[in-house]
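Shared between the two complexes below is chain A, which has chain B as its partner in the first and chain C in the second.
Coming up: the complex of A and B.
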């Protein structure tokens, strides 16, 4: 198998255990964005766009965002920080719902940096994305393969 | 569970998916820019593989869309049976739409996903378990594993998803 091409934005030697990166990944989430995500992803569960269905039939206070939208937004923090195509693994748990009007801040913390192998190190990141109340909506982890300083 | 359907990856779909995330990263749409990077071209954003749902013949959350048509042998939609069904992308599918939540999602990439690839997507069921939750009542968890392979049969992405069927609306603060 050919080498996995990447476009890193940072080197593993520019990171240290405990280092954090934080980014506001969405401000005042709109229903429009949720609908746009439904179209792009193909997930048309009405609970994400039909207010009557979400409130009257399902018993929620309003429509809410797809978990995968929050995962995608969290991923934006990772790729803006580390680079394109560098992720080897990215997993999340959806711990709380995300509502229209929410502002989300994603934070990654370096938890380990592996030994260099073929010039690259596996950097493990712990993830948490919180809403404007400080409540975690997504927790998870990611592994990126990064070369030395670029 | 759907298996072995084709998922043609194209630049427009990659661009639309990135747009919905509010992305401005040119690697997801700009050929000229991307060609000059070590990646040599546009790639899909990390969670884009989930958009294979557009091509899954048995995906349960398609809205009015009839394309692609379900296979002749496909059972009636799982909604009728009130059964949680795993979707093409590995997301908990139809079932009772108001009681289905996405619990967990993981992607493992083996190589970049690029426009022009025609991937074969196949899924299998993983573990299933039940839990009494404070916020969602009795919750049934089911895991599904989806593999995306390229034309050479090589793995591009593996996706693992946990769907949750709740017995009531999840309580919020």
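Coming up: the complex of A and C.
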């Protein structure tokens, strides 16, 4: 397995407002991955996997990814950065569709660090995930509860 | 496709009863399990061992395998029932009924717009999750780039086998009347992207647009007091005279103010879209897009010059560019 820490990976005192973390969360997204997500999530809306339905009936240029797939990929950037078990709130807006072939880069920016309470601070993160053209596909925010330096 | 006012009132009457209504409950078909976690992590490319490696997870703060938090609603997703199956009719819950109501009134389009998830605790193997759904809010009808639509907020509350709340999800979808019927083939669908709306040309302003079509930027000048005004209107705001004459502008000016639009993105425009309020050297102001420079380079006071350019659909518009 990988070398992921299995605890909070960073303390609130190791973060500062304005600090950023960026990660490429998927490269050249394939239709197969979209179908894989349909199976993994149970979301079988045909607009995400049936090319004929998506183009001829719904009028889109092709199938496109589930919003929750992009949300999950964005979440991977967060948990890889901050650690496990620390997320308290995670909200996104689907601002643009994600198409097969897209490469997505997720970025989190620390916007505030709360007062310590029971040894932990609520850290607010602003999120934006962009495609290879730099266009935001998901924007949002997350709150993580982090201890001091770990 | 337009729903007349009476139908709309009828729909909104019915919608009022839906706000706060129970939208059904979804018991997870399976307990939280390693197989579903494995499929989910495979798509995400997430190799975090607390999701899949029992030994590593045991030594973590969780003390055992947990499910990825963003996977919360995958557990309670109702099983897919093919529409030709007899079970399909029986499987209808409150949320689906609400969507059917919108369909009956012509709001056939649907798109998910927001997910807001609250995580009380991470789920562990063997947890039995049930989601109960409540319609939290339905917006007024709003114009959107896709068409007229309503935003529906459904709150999913996830509880475990001990009836403890483990998290919640606010899922916002929009039901809309597609602005136009879907195109029959994909190539046509691509070319059906709307362009800029042509300007309304009427008795009081058509002369100005005709000037633009000839390549002239005109300003309206009061014949009585000489004050310039823009956009065109019948009466002088200074002396109330109805007499006016057009005067040609040299097209040079300075940026008096500007804004950069990122969202919402209306079809037909390129974003970020720079909208400038330009003070013409002749002494009145005009709103127009500023092009030819990065939004970050734009400053109040920047000297700009007008260019009349053709945009999609053959329409001509004045744009301003930084002066050389």
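Here, the second predicted complex is superposed on the first by the 144 of 150 C-alpha atoms of A that agree within 3 Å, B and C clash if a C-alpha of one lies under 4 Å from a C-alpha of the other, contacts with A are read in each partner's own complex, and residues count from 1 in each chain.
The definition used in the following text is that a residue touches a chain if its C-beta (ideal position, glycine included) is under 8 Å from a C-beta of that chain, and two chains touch if they have at least 3 such contacts.
All values reported here derive from a predicted model rather than from experimental measurement.
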- prompt: After the chain A overlay, clash or fit between chain B and chain C?
  reply: clash
Task: Could you tell me if A:37 is touching chain B, chain C, both of them or neither one (first, second, both, neither)?
output: both
- prompt: Counting only touches as set out at the top, which of chain B and chain C does A:67 meet: first, second, both, neither?
  reply: both
Query: Which holds for A:53: it touches chain B only (first), chain C only (second), both, or neither?
result: first
- request: Examine A:19 and indicate which partner it touches, taking first as chain B and second as chain C; both and neither are also allowed.
  value: neither
Task: Have a look at where A:103 lands relative to chain B and chain C in the superposition and call it first, second, both or neither.
output: neither
Field: Shared contact residues on chain A - chain B and chain C
entry: 1-2, 4, 6-7, 25-26, 33, 36-37, 39-44, 57-61, 67-69, 71-73, 75-76, 79-80, 84-85, 87-94
Field: chain A - residues contacting chain C, complex
entry: 1-2, 4, 6-8, 25-26, 33, 36-37, 39-44, 55-62, 67-69, 71-73, 75-76, 79-80, 84-85, 87-95
Message: Touching residues of chain B toward chain A in the complex: what are they?
response: 13, 16-17, 19-23, 25, 27, 37-40, 43, 45-47, 50-51, 53-54, 59, 61-63, 65, 89, 91, 97-112, 154, 160, 168-170, 172-173
- prompt: Can you name the residues of chain C that touch chain A in the complex?
  reply: 36, 39-40, 42-50, 52-53, 56-57, 59-62, 66, 68-71, 73-74, 77-80, 112-119, 122, 170, 182-186, 189-190, 192, 263
- line: Listed in rising order, chain A residues that touch chain B in their complex are 1-2, 4-7, 25-26, 33, 36-37, 39-47, 53-54, 57-61, 66-69, 71-73, 75-76, 78-80, 84-85, 87-94, 96-97, 135
